[in-house]
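Structures incoming, each one as structure tokens.
Two complexes, one shared chain (subunit A), two partners (subunit B, subunit C).
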Partner chain A sequence: MAYRRRQTIRSVITAAISTLCVGLLLGFTIVNAPGWDRVQARFFDAEVAWRYLPAILKGLWLNVRLLVFCAIGALALGLAIALVRTLRPSVFFPLRVLATSYTYVFRGAPLIIVLYLFVFGVPGLRLQGTPSVLVLGGIALVITYSAYLAEVFRAGIESVHPSQRAAARSLGLTYRQTMRYVVLPQAVRRVAPPILNDLVALQKDVGLISLAGPVDAIRAAQIGTAETFDYTPYVVAGVLFVLLAIPLVAVTDAVTVRAARRQSAEGAW
Partner chain B sequence: MVTGPGPLRESGAVNEASTVDAASTVEEKPTPVLECRSVRKVFRGTTVLDGLNLTVAEHDVVVLIGASGSGKSTLLRCINLLETVDDGDILLDGEEITDPRVNPDKVRQRIGIVFQAFNLFPHLSVLDNITLAPRRVHGKSRAEAEEQAYAWLDRVGLRSHAKEYPDRLSGGQQQRVAIVRALVNNPRLLLLDEVTSALDPQLVGEVLATIRDLRDAGTTMIIATHEMSFARRVADRVCFLDGGSIVEEGPPEQVLGDPQLPRTRAFLQQVTSLRDGSPGGAAAVGSGERP
Partner chain C sequence: MPSKWTIRQAAVVGAAVAAVLGAAACAPQETAAPTPTGTDACAKENLPTKTPGRLTIATDDPSFPPWVLDNDPESKQGFEAAVAYAVAEQLGFTDAEVTWVRVPFNAAIQPGPKDFDFDINQFSITEERREAVDFSSPYYDVRQVVVTVEGSPIAGATSLADLANAKLGVQVGTTSYQAIVDVIKPTVDPAVLNTNEDVVQQLSNGTIDGAVFDLPTAFYITAVELENGVIVGQVPQPEGGTPEQFGLLLDKDSPLTGCVSRAVDALRANGTLADLEAEWLADVAGAPELS
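Take a look at the complex of A and B:
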């Protein structure tokens, strides 16, 4: 007992010392680099950071709102596409082909190109009632991410054993009811970790909307950089994005751990 | 275990009325609950059911025996329209359910099936497993469905497990929940597909006791099983399947005790030698019943 405790204490101390050494070495190397003074002035200027923080925060609020709408849209569309892709009857063959091509095209197409097509191409058509660039950019994000999410949902749906469907149908439940009450609840629980992971990626990519012009956090940082010839605003925006991601990442990890535990419990039984 | 008239009796009364109606028009013979006429099913070139005929009357308990792959499970899945037959007709209460114009969901509402692997819904509690179909298919209120579910759980001795999830129950308990889940919808016909094959030997007894209890209540059942001693005790009629059709059928004493065909004899010898018991094998069920 005492021996084991000593071992634990020793390993904790070793880890702490090792981390400290690596940290010191890294810090020492960077601070003593020949160009450190200039980098510090251009990237880590506290005065510039403080000056542009309000504008960047204001922009970040736009990112957050956009994220919420895009996440809801991409989840809904992704689920719909997954449901279409898993329809069995041959009548739905054309629909299935459409859904499948959709996932092929938009998982393959670089997001930035889809974004350009929507925010610059669609307004170019000069159609009546063309929505704002912000909405068009959001649509591009939803389209790209729903293609990924659709595949994750589909994997989940197909992971539910056919005997579960058989049991549900044998009770007289229709196809829709079987999906709604038996298959989807199990499927979504199983793929919750990868879904959340995709949402973390989406959270970063909403920043790309800045390419289209709306003043989000990154656009605000860009303006700041242009005014001061100083990259500090970008660093500020980057740090804010990381802070924004932490809760979602933490939730993702917690859900993953819980899912893993449940799976091993099922296996044990 | 049966206390008072359960839902089965009620459905029985309704059925008798309907069969009387039928009888008045179609001579004396009442319409059988189930009739299979020359049913054929082919899976990728393999003929699993080959012109099978079977008639099941009200309150009949028919036991299907036969080697693995003889078509027992396929027949049950065809009756429940989980598989489509390639040829032949299946009639439920005189209605041809293999007609492609028939809505299979409506047919399945009248037939219950219990599977070898229980197939309970792991994300739902025992109570929700049982009330899902009554609420979503039969349009009952939650309160009504739950009251009914509790009555059934009482009957199989599982009321205290109502709020638990299936993975907390033993195999025998899960299978009894699965039986209740099928029966709570008052099916005309209950299909049991090797319901004890996935259970530990000491859990078999409790499930078989539940089935005997249903038999005594008059449930019409088709049972596919490898438990010969149980077949002997519960069956009105035993059907031996071989090569996709029923080659010998009759009362259990005859088919199991004095089989006429060499094929049947060979099969029974194999089964009983596997169980290292007497030909009756009553020991298997007897010991299973003790806790």
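Take a look at the complex of A and C:
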């Protein structure tokens, strides 16, 4: 035990020293590069960063709200499509075809084009009660991301061994009950890491809605950059996005570790 | 390394030739540039125009309203046609002594010999273009214009106050965006879009009430791209900041540049340019000033 602890301490110290060396080397190289002064003025100007921070934060708030609504919508729609795709009875064949083509089309279609169709095409129909471009953009995001999430959910559902279903049905559970109490809990737990991964990606993609006119964090930074010929606002927005992603990424990692531990424990017993 | 030597020799010879040519090119410019005492340098008989005693002015074919009406610059109808004749008059040429030639826009801004004394065709003055051609003093500061479609809530707006609650669209990173946030200051956040095409699409979709473009773009868009497009009016020029400016284009190091610039400056000083702008852009073309 003592030997093990010593080994751990040694490896931690080695890691710390090596990290410090690499960090110093990188910092030294960048700061001493011939163009560093110019880069510093163009990308890391504290005054410009401070001036545009409020506008970028205001934009980021739009990103956050969109992320929450689109994530909920995409998860719900994705799960529904996955359930339809895994329906077994042949009478549901048309539904299955529909769900399958949906995942094929919207995983293949570039998000930006789906967005364009929704925010520029749909209002052009001039139908009564057309929602605002913000809502239409949100719908486009939900449609695209639910196609990805549906496939993740389906992988999870199909990874549950058929014997589980058979056992559940033989106990007298209905199809619905089998899905609800036996299959889905296992499926969702297994695919939680990739789903959270998709949500992190969604967090960055919700900003694409700015092509419809609403000013998100990146657009606010773009406006600042156009006004000052200085890229600092982009760096500010980038840092804010990373900060925003950290909780989600941390949760993803924690879930992955927990799942791995649980599965290895299952294997051991 | 024989090839290296050749390059070096060529460079030396080239530099020498350039120096001689440079000196030669400077010489006529010095004599032609208007001197404060020599008032005659810009007198009509001293002007080294393409055809002595006549002024050759170029524009594109076709040229469009509101710059030239009916593609007929000789009629003096349209802002640029009128400015061209005003400059000619300032230089001492009568209307009959003006000859028009047609030169495509892109051909005019290329370096190389020119068959006109000056060209008037909405040339924005830029440092890059100054490498290849000369520009006179600017005769027009590009204005920002509010555009909408018939039936929009702001279609009849006459003042900035009428635009206070309008949802305006604009291309990102443009002077038009600055005009919205600095001058119009609407209570609704503007829709900031990637391209002018996106702005036009949203305007025809009705997802925005109006849009802001620079004046030449506004005329083009209402004439060509936007169905039922109407011009609401011109936004007052914001304080500070240099707007895009149009200048008369001349051959690089043309002996006329100084005199033409002086004529344009005189027209600006005596209010002729402002009057022509009000007449042709605000009244005839229908882009009134928003107060």
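Criterion: the second predicted complex is superposed on the first by the 256 of 269 C-alpha atoms of A that agree within 3 Å, B and C clash if a C-alpha of one lies under 4 Å from a C-alpha of the other, contacts with A are read in each partner's own complex, and residues count from 1 in each chain.
Basically, a residue touches a chain if its C-beta (ideal position, glycine included) is under 8 Å from a C-beta of that chain, and two chains touch if they have at least 3 such contacts.
No experiment lies behind these values; they were computed from the predicted model shown.
When both complexes are overlaid on chain A, the residue A:Arg219 reaches subunit C alone and has no touch with subunit B. Contacts of A:Ala166 after superposition: subunit B is touched, whereas subunit C is not reached. Touch criterion met: A:Pro123 reaches subunit C, while subunit B stays clear of it. By the document's definition of touching, of the two partners only subunit B reaches A:Tyr181; subunit C does not. In the superposition on chain A, A:Arg189 contacts subunit B only, with no contact to subunit C.
Of the two partner chains placed by the overlay, neither subunit B nor subunit C lies in contact with A:Val105.
Legend: residue contacts after superposition of the two complexes on their common chain; A:Val97 is shown touching neither subunit B nor subunit C. On the side of subunit A, the complex with subunit B involves touching residues 163-164, 166-174, 177, 181-182, 185-186, 189, 265-266, 269. By the touch criterion stated above, subunit A contacts subunit C in their complex at residues 119-120, 123-124, 126, 132-133, 210-215, 219, 222-223, 225-227. Against subunit A, the residues of subunit B that register as touching in their complex are 77, 80, 82, 104-106, 108-109, 111-113, 115, 117, 119-123, 132-133, 136-138, 167, 181-182, 185. Interface residues of subunit C facing subunit A in the complex, by the touch rule stated above, are 169, 172-174, 177-178, 189-194, 198, 201-202, 204-208.
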